[in-house]
Amino acid sequence: MKKKLWAGRFDKAMAKEVERFTASISFDKRLFRYDIEGSLAHVAMLARSGLISKADATALRRGLKKVRDELANGTYKPDAGYEDIHMAVESRLKKHVGPVADKLHTARSRNDQVALDTRLFVRGEIGEIDGGINALQRAIVRCAWRYRDLVMPGFTHLQHAQPVLFAHHCLAYVEMLQRDRERLSDCYRRADCMPLGAGALAGSTLPIDRRYVAGLLGFKTVSRNSIDAVSDRDFIVEFLAAIALIGIHLSRMAEEIVLWVSREFSYMEIDLSYLSGSSLMPQKANPDVAELVRGKSGRLMGDLVALLTVLKGVPLAYNRDFQEDKEPLFDAVDTVRGCLAIMAGLWGRIGMRRNVVEKALWGDYSQATDLAEYLVARGCPFRKAHEIVGKLVKRCIRERMALEEITLDVLRAASDKFDSDALSILQHHTGVKRKRSLGSTSPREVMKELRSWRKKLGLVTA
Amino acid sequence: MKKKLWAGRFDKAMAKEVERFTASISFDKRLFRYDIEGSLAHVAMLARSGLISKADATALRRGLKKVRDELANGTYKPDAGYEDIHMAVESRLKKHVGPVADKLHTARSRNDQVALDTRLFVRGEIGEIDGGINALQRAIVRCAWRYRDLVMPGFTHLQHAQPVLFAHHCLAYVEMLQRDRERLSDCYRRADCMPLGAGALAGSTLPIDRRYVAGLLGFKTVSRNSIDAVSDRDFIVEFLAAIALIGIHLSRMAEEIVLWVSREFSYMEIDLSYLSGSSLMPQKANPDVAELVRGKSGRLMGDLVALLTVLKGVPLAYNRDFQEDKEPLFDAVDTVRGCLAIMAGLWGRIGMRRNVVEKALWGDYSQATDLAEYLVARGCPFRKAHEIVGKLVKRCIRERMALEEITLDVLRAASDKFDSDALSILQHHTGVKRKRSLGSTSPREVMKELRSWRKKLGLVTA
Amino acid sequence: MKKKLWAGRFDKAMAKEVERFTASISFDKRLFRYDIEGSLAHVAMLARSGLISKADATALRRGLKKVRDELANGTYKPDAGYEDIHMAVESRLKKHVGPVADKLHTARSRNDQVALDTRLFVRGEIGEIDGGINALQRAIVRCAWRYRDLVMPGFTHLQHAQPVLFAHHCLAYVEMLQRDRERLSDCYRRADCMPLGAGALAGSTLPIDRRYVAGLLGFKTVSRNSIDAVSDRDFIVEFLAAIALIGIHLSRMAEEIVLWVSREFSYMEIDLSYLSGSSLMPQKANPDVAELVRGKSGRLMGDLVALLTVLKGVPLAYNRDFQEDKEPLFDAVDTVRGCLAIMAGLWGRIGMRRNVVEKALWGDYSQATDLAEYLVARGCPFRKAHEIVGKLVKRCIRERMALEEITLDVLRAASDKFDSDALSILQHHTGVKRKRSLGSTSPREVMKELRSWRKKLGLVTA
Amino acid sequence: MKKKLWAGRFDKAMAKEVERFTASISFDKRLFRYDIEGSLAHVAMLARSGLISKADATALRRGLKKVRDELANGTYKPDAGYEDIHMAVESRLKKHVGPVADKLHTARSRNDQVALDTRLFVRGEIGEIDGGINALQRAIVRCAWRYRDLVMPGFTHLQHAQPVLFAHHCLAYVEMLQRDRERLSDCYRRADCMPLGAGALAGSTLPIDRRYVAGLLGFKTVSRNSIDAVSDRDFIVEFLAAIALIGIHLSRMAEEIVLWVSREFSYMEIDLSYLSGSSLMPQKANPDVAELVRGKSGRLMGDLVALLTVLKGVPLAYNRDFQEDKEPLFDAVDTVRGCLAIMAGLWGRIGMRRNVVEKALWGDYSQATDLAEYLVARGCPFRKAHEIVGKLVKRCIRERMALEEITLDVLRAASDKFDSDALSILQHHTGVKRKRSLGSTSPREVMKELRSWRKKLGLVTA
């Protein structure tokens, strides 16, 4: 057991089992870079404010960097006896620089220190995740571009609804992911607020300069209420909520991949390097990657629920419950980064089976809506048109005819508003091309969007 | 059972139990204003685009307004036989205006229609909730202002940590709530995107003008991908996550109120009009309002979890599962609005028991940190200072002395760096006043913040 | 506003908004039968213990029954001014029987009363849900029996794994549901404990007879700690957890139905009376029932999370937060009962498309495992056998051969352990029949299970 | 990268990033004992059924034990290149015993193998957790016994409600925990079902003897449906739900401890060895243990939500998503075991501050209910009695009198039913003693319960 740095008033050592139970070093050591980055800025400020001498500052700076290097290259492995990374760093620092280390914690509490570390971590991880989403968007757009003329069944209720361009379908995911990036960026704004100097909860009587620290660490704002500063975990909740939603998006995408590589769909192939076999069944080649991504949405939701529950009903200001913020945070970050990266890899290794996809359209009656709109354009009220085409479909089903096969006579039997130009609508490709509305699946609209995304994502030079 | 408007291809009526199970009219009738507002804009666009005549448009507009009035004043109560509010409105419209009603649904699906209605609803409710938070902030700031000179124990771990101003504590909540407003405003930006015209999922072949509709309805942007437009429920998830976090904030505030009105704390009184009695115990006066607010954070979390689960693993585009978005949304909105309003009322009916609060500071050793900083200012390394003061506290506890009572001799026995000016620090009020850092509990900082909030919230004229 | 029955010590009326916010009458009126059933037993006990006279008891009993009838037939509709169903009943009772009503609440608090009502409710609903599961199991078993000789692809990873009997697949769901019933039955045991007499939290000084009340109400045990009795909501949590898991099971079943009725699978047909159309697309016939059931698993999870959150960190004994137990409970019960009933209906209206299902097996290599086991039976170590068959499958894929098509020569080229009897294994039906292990998909095992379930579920007479 | 044991049909190695993403060895290595225990039973069965020779069985048995020892003592550390513990064990086994290792996986799939391992793990952990609860119950009962005559305020709404025995309050927790044990025991029954032999999903063609394996491993039943056997994770959900509820119970207990050691309550002291200090504030001694336990209820809820979400909407049978069952399971088990142990430790290190607790009763009017029941016993209808005493309390509050202080005159002014014997009720202790009902806080009832628990928990010999 390490001597506690706060043991002044205590007559009695902490029980071993309590040390083990309360220690966070096993997971918060991961924050060491941020912890030391924060301490370096703190030291600079203390010196500038005259709270420590320049010589002290130099010693502390040198020592902190040394500890950082040792932690980075593994020559210093803090043992489990430390409470947390803050104490592990400070103790090691003292070993290197001697008693001057005792000045580091001036005008600082672990309450504001851990708030700072976590904000630095979240800021950094938002950048990483944003990069991960970007890479996934690029992979999707590349795939969409490769198959940009492929027409496929568009689904609602997992039933063929209307033919759409495969690229249009892909871009729906790109849009979703773009919203995720916006949410992360909003979350960043709220994380970008410097808490150090709030002390335990009340601020300091010493002449510290919090804005200077914020400047050194690149924070846009400084927290304006010290009680709030140490008890605020909102930025983590917001981050976990954004991540949970990314997870949901990935689960939807993964579900479709699982469906599309099923034998029954056979719309998609995945390169063998991204498939798994079975320990029992010699023929199996399974889309495990997509399944795991789908499943991992669960833990991302769990992480969010965990933190919200931790915060429920806890009074101001800091409470030790808050230590439970870190493991869900770390887990969510690692999970979502892993999922984004592997999904980007997967999108680079899929192939659409053009023949299967296009053949799937045959006889699915998904041109019906366009036929109804044809009638509307000829003055038929929509509900009437809907009913006419509905009955036509019913007749076709009964007579086992595909819409592609029917003659003008059959059409005109349904409504005399049908002219020979209606026959072209019976081909799925025509239906797609006839779309006109902004954001629709018309090739013109989709190509406009595809080009815009390719530019935005840096896949082509403007 | 109402005749289904989509029954063309069906030979057979829907089973009664399926009608009941799938109908959403019992809850989505609440969207009628938004549904009709959307339809009015749609009609205007159809006429402008030449898809219907001006006369038709006039008739439809007149009819829609009539249905709206009837729904508003209760003369039309759609019965449970309708599938949803869209069908209930259209059927009633047809009763009023005849066959022209069949043209209303031109170039529109319920998929994009319900997406539009829900976005209009969310935009509106964000405004309402923002107003509710504003009112609560005003109530808190008013209370903080009333007791702006009250010094109280600041808590960490529910232990006295350092003395703080009551107003400072209050403003911590005001900061939290301000972040909630920012999050809502970010959420609004993403909700503010017009989906109509996406049709079922593919857009339309008819010459519709989506930007015109967006303009009429005050939307900033138009959705750019029709598949995404009908399958996107992200804005609701984000809204529910923001609401869940508001709920957590309110639960923390409520917890403190419950604590503070407990007999043991007795820091706070609540006006009898906001207390409840007991059916059995004649003496009871309970803070039920705060308890219920605390408890209601549970259902807000449940609503968020419900929707995230609904979306998990569901492929593109629209699926009927999405109908399950509305009840959690409505429940969350109603719950959080109720909680915000009642908490604003409660803050207006509390009184702080000054004597109790100030007496609570006596003998709590919460001046210790300031003593340590005193030593730091005199050149003592912080860890050393912490230890010295820790031992001093230990001695006081052993000898049953309050810090307020000790003499200079006792101080100097702990460290000869203590001078007579240290004695003043032994008074809690001095400690508060000596704080200097930005965002600290120093009266200067707190008054600056209080004034700024009063201005921002319109409590004083600038 | 109704006069509060606890207003003795209050100088001041409760604020209108507080009445509205705290009232539970809008939802707990649903408990009226249980509330009155509990009061009738309470009255009987009070009389038996001599706490009220027989005449009083008769009057109260008559009055309570009258109130029950009025609530049942709607002639008494408690207005929103009552706090809760207990007060609404007591007030009405007083109107009918006069001052003797003031004796009803003797030795009773609303804390134990509502605990009793909720336990009675949960006991009743467990029975209803158990019945709902039973009906669903019967529907599944009937369907399994109808297609008892149908061989279909068994899936893992949504890939064809090994051929199985459709009935075997169905019985997997029957097993799941049976566990749900067991869980409900365990939950019942814990709900079956009588709390009345715990009073507010401390019990009573009056000579009440709690065991007598328990006997009248059919409770197996009597709570042994009055503090626990009024603060225990575990039985609801456990019930909601059991319901959430039922919801998950139904979501899995629903997912498969959605898949199987997709055009790509086409394994299953649903009667038109259980399908829905589209307001835009005339050809659509969607499995909305299954989609909604899948989606409703979300709210069941939300309900569970809601209640767990309510309870988190709340001290003993009763707190008003607990009022938030009822709405998730009611919602979960209604939702799961609705889902069970409609799924039972759905299973009665599906047809398997035998030709499609059996044709789906062709060329899927799902006989591979049986080939490997053939080799094992001839002394080949399993890993070796797995590798041999894996290579054989690879060759077939390369040469575009189905396993069904290959000759003995091809087999023997893979391993000379293959004899002519191996050829029969290449037919999927043979593979199913060759299974031997207990619980396997062998027709013998499956028929044994089917028969056992049919008996157990009362579909055939023993 | 390890050669995959299922690579027969694959032309191409799995991509490195896919290996990393899909591997579970980093966490499932924890199951090694169970995995090998299962394999040993499997080997015994294979030999008995003649599927492998006795010599092979002996070699495999010896090899498996060796691998187990190596894993136990750390001489074999499976590297990250293995997919999972099953493959790591089998590969190591092959290194020790050569080609005979290829026979181990006969008639087995990883699907049923991992189901078996997990069930063995859950059975074991249920025992451990049950033991942990037992130890906590013992610690609570010991503490209750130590203070068995201490009367304290009983709380509802965190307001003094009625005086209760401290021991009665403690036993409320013992009851809660006992229900947790019952739930675990029910959960055990459902986990106690042997899945091995289900193979991938269809069972085996080889003459395996599943009942024999079940017997060797001490399972009560054998799964009866192979598809269900490999896709069932219900027993983990049920276990996680039971654990989440334990977490909620501990959070309630922890909340009270935090309250009671607050300066304002000061009901309880905790030994310094179980308290923590502050890095900034020298005087602090914080109940971090209780706070962390309270907070950890969050991750237990998160673990439950995670798994439920994983399972939502996933079709039969095994899917790779299920691999996500293990980390929440492990986390929940470790967390709850840690919490139970530390709470047992904590209960052994608390002291009640008798003087403070008893003084807290003074003037709290919590005798009011007993006064009302006094009147009832004298024939006053309860509502009337409630009102009379309510008014009496109001008068006392107005005149700043404690109920303990009032005279018979004051009482009789309220109601002439009061006689001199009523005066004794004004002492809180009398109120406790006058309780009569079963399960009440009367000393007789509480001592009966205390004695019964002491016997049941083995604290005294019967």
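We just call them A, B, C and D in the order they show up, numbering each chain from 1.
In this section, contacts are C-beta pairs under 8 Å (C-beta built on N, C-alpha and C of every residue); 3 or more make two chains touch, one makes a residue touch a chain.
Quantities reported herein were computed from a predicted structural model and do not represent experimental measurements.
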Neighbouring chains common to subunit A and subunit B, by label: C, D
Selected interface, A-C versus A-D, where C-beta contact pairs are more numerous: A-D
Separation of mean Cα positions, subunit D and subunit C [Å, integer]: 24
Rounded Å distance, subunit A centre to subunit C centre (Cα mean): 34
Multi-partner residues of subunit C (at least 2 other chains): 5-11, 105, 111, 156-158, 161-162, 199-200, 259, 277-286, 288, 291, 294, 297-298, 301, 304-305, 308-309, 312-314, 319-320, 369, 386-387, 389-390, 393
Complex interface listing, subunit B residues touching subunit D: 153, 156-162, 258-259, 261-265, 277-288, 291, 305, 308-309, 312-314, 360, 364-366, 368-369, 371-372, 386-387, 389-390, 392-393
Residue ranges of subunit A touching subunit B (in the complex, touch as defined): 5-11, 51, 99-107, 111, 154-158, 161-164, 168-169, 171-173, 175-176, 179, 182-183, 186, 189-190, 197-208, 210-211, 222-232, 234, 237-238, 241, 244-245, 248, 251-252, 254-256, 259, 294, 297-298, 301, 304-305, 308-309, 311-320, 369-370, 373-374, 376-377, 381-384, 386-391, 393-394, 397, 431-432, 434-442, 445, 449
Interface residues, subunit B side, partner subunit C - complex: 4-15, 17-18, 21-22, 86-87, 105, 108-111, 199-200, 271-286, 288-289, 291-292, 294-299, 301-310, 314, 319-324, 327-328, 338, 341-342, 345, 349
